[in-house]
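As structure tokens, here come the structures.
Both of the next two complexes hold subunit A, though its partner changes from subunit B to subunit C.
For the complex of A and B:
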């Protein structure tokens, strides 16, 4: 490992004044992590509510996406690491004050849990499926017996995962755009909404789609409120914060953020979903596609813009 | 059940009313943005961007492409591109509300196949695109916005586009009806 010594806090290549270390891997991972959190949250929620039969896609089919998204996301995260062979050192400690420690441990638990979740439904999804080994069949029977407590653990972990994708950024107190406590709930809400969009896209059951679309509408409205509050907070803050917000209010990220995230990723889907609920014919893939696209752009814009916001001196 | 009927059967606006609304839209656009509407410009931006991505050297050398390339921002950073995006989504919304959005299909005369219809439409579109660049604008940019400012060029473009279309339509009508 090549060591680097800094004798000053100023003018450090790639760190000060502008951070230039996070590329496409980080926003992609934050997006996939949020998406998986959203899917697992609703899968667990409907099992706890005892509505497995009415919400088949949510509980079984869409849940398949979650472990895939998590593995791809973790792959991207691993790709981003400079010293890849040292990643295991995250697991030599538990630090309650570090979002990264929270994330590492949550992922350590929720990724295998999501795989077990899908595996426990394989026999229902594919008739004639057999795990071959007796020990696997016995483990499956055990999971099915304790499905509700299992769902409770997974639901709580999915919320932590969703919040963590946001507070991972807000823990950077040197980057004014990220250093806002709204980011945690904002990324959680966006993650839940993109997760729901994926389920809605996959579901063929009209009742299920209707129920989920209603929840999605509420989530998008909450997300809009959080975005407004985020900017209200910035504008009521110090010069550092208003400077950071100006990137989105006339600066270089204005169009990307307001057109692709807010207008096409949130407002337009609200209108389409509202019309769909009232019985109008809306192409079924369109609102979920726009929501998923908006969520992806949100992560990329926040990571990209956050890195160039800075303290003024 | 008037509302029910509204979005179950396709519903179109009266063309004369549509024309008046389109004219008022030009006034509004000039008021808000200080310039007129356009459509071919967005396609032009897309073409220039594609050329610039695939072969930046060729795009830089081409005197026509080069006019739209700058180091500050992508050629897609143009209000006509966003206007066209808005036309697409606005049109879609109108289609949904008035029951014109159905299963995806290619509309054509029973006498021609979908393939013929698509190929001919593509050819027609390409000719129109090339023509619009010689005429310095299309039906929106030159004819609509141009004639709204009493530009003689705009009026000539409009007369030529619709006049030529009217004159030669019968030769190609078998491709459509």
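For the complex of A and C:
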């Protein structure tokens, strides 16, 4: 039998023996970013479709969550920076080869847009709301006039944001678990699904809930397919890929991933939502809660496990 | 010009002088290092082999850390040396995640730090500190484009390998085997 032993004199904090440079802030941000992307996507989509009246919660009330999630997520990102006072260097350049760079610019656009979006509905949500200053009222009128083009821009940006939360990880070829192009669509789908779960949780309108639950069912099934494809890619891949997959197939993340993400976060909600659509009574909060929880665990597991995987030499 | 280093794994005794020389020369904070020794024991008794490698940043031709850096703080200087401009670094950690050799670390002051091939010495025509201090002369530094440089001569008649070539980074540390 051939045995190998590596000994290195290094013991750098957060790097040896396993890389752990990104802590809870990054997965939390990826989660909140995806969630906000999901909410904003559907808010914009139903405005473009002209269904503002039928989808009140989606367009107005749930949209309030998006800027809150984005600001919290940005706070987490900022917290994670180790050279904080230099964060503005992000906005002195655009580097197309760095997903983090165009992600930073996307956030720079979509965060204020989401705030403007919510603000433009304040008068409808809270009767008697007044912006006090004339300039704000004029700006509001302008936004309302161009709401559909505004929604188009926001929808495109929300897709970029959702994909970016996955691409951010998959751009790192040095971490085999992340280095899969499936991660972009997987995180987008998961983001859309968690966004929908939030809206469904908030909505009191049965018609709206039914429409959104149907879409959510499709998204969760797509997500399951993407997870299967992810692992097919790993198992058909090189040694570093199969090694990465083994963390989830018998390794230390097996239970966390398959029980909390796949079983409780995806399969169980499918069953519950299907029953709900057939008219059975299901606690209203349960499927959205499970989906939101599963999405959060997915981000944490991927970030934690990815940092352990590496090239073997 | 293309700076590179050849490391003779047959001559290295793993004394760690290169590590200490680097820490002293570059004022590396306590507990951190820009270069390090890897001891790779393989096979099973009685046929056991040992390989000692003095490792550091590979100053890759296709450097993933430079590609992933959102601000351009990580860049490639003259001669292919990969450097970090401290005042442009935001400490996001993307370059640390992107390096297959784990050659970078977050400096306690916040920015990301790594081997510079002792550019401040190389610019004056000197060798990097680790090369000059090595007691077995197992480190060879120089310009790959110059066939008379130390590194070119060291690579001429020896078998060598680079680490994780499948990562596609085109590393510029050559390990003589």
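Going forward, the second predicted complex is superposed on the first by the 295 of 313 C-alpha atoms of A that agree within 3 Å, B and C clash if a C-alpha of one lies under 4 Å from a C-alpha of the other, contacts with A are read in each partner's own complex, and residues count from 1 in each chain.
Keep this in mind: a contact is a pair of C-beta atoms (placed from the backbone, for glycine too) under 8 Å apart; a residue touches a chain by one contact, two chains touch by 3 or more.
Keep in mind the model is a prediction, meaning the values are calculated, not measured.
K.L.:
Once the structures are superposed on A, label A:84 by its partner contacts, choosing first (subunit B), second (subunit C), both or neither.
P.N.:
Once the two structures are laid over each other on A, A:84 reaches subunit C alone.
K.L.:
When both complexes are superposed, which of subunit B and subunit C contacts more residues belonging to subunit A?
P.N.:
The partner with more contacted residues on subunit A is C.
K.L.:
Of the partners subunit B and subunit C, which touch A:308 in the superposed model: first, second, both, neither?
P.N.:
neither
K.L.:
Of the two partner chains, subunit B (first) and subunit C (second), which one does A:215 touch, if any: first, second, both, or neither?
P.N.:
After superposition on chain A, A:215 lies in contact with neither partner.
K.L.:
Looking at the overlay, what does A:271 touch: subunit B (first), subunit C (second), both, or neither?
P.N.:
first
K.L.:
For A:259 in the superposed arrangement: first (subunit B), second (subunit C), both or neither?
P.N.:
After superposition on chain A, A:259 lies in contact with subunit B alone.
K.L.:
Going by the contact rule set out at the top, does A:282 touch subunit B (first), subunit C (second), both, or neither?
P.N.:
first
K.L.:
By the touch definition above, which subunit A residues appear in both interfaces, subunit B in one complex and subunit C in the other?
P.N.:
Overlap of subunit B and subunit C footprints on subunit A: empty.
K.L.:
In the complex, go through subunit B and note every residue touching subunit A.
P.N.:
Interface residues on the subunit B side: 7, 77, 82, 85, 89, 92-93, 96-97, 99, 101-102.
K.L.:
Taking the touch rule as given, give the residues of subunit A at its contact with subunit C in the complex, in rising order.
P.N.:
1-16, 19, 21-22, 80-84, 86-87, 89-90, 92-93, 95, 97-101, 104, 171-175, 238, 307, 310-313
K.L.:
Which residues of subunit C touch subunit A once you look at their complex with the stated criterion?
P.N.:
16, 19, 31-33, 36-44, 64, 67-73, 86-94, 96-100, 102, 105-106, 109-112, 163-164, 166-168
K.L.:
Give every residue of subunit A touching subunit B within the complex, in rising order.
P.N.:
255, 259, 264, 268, 271-272, 275, 279-283, 286
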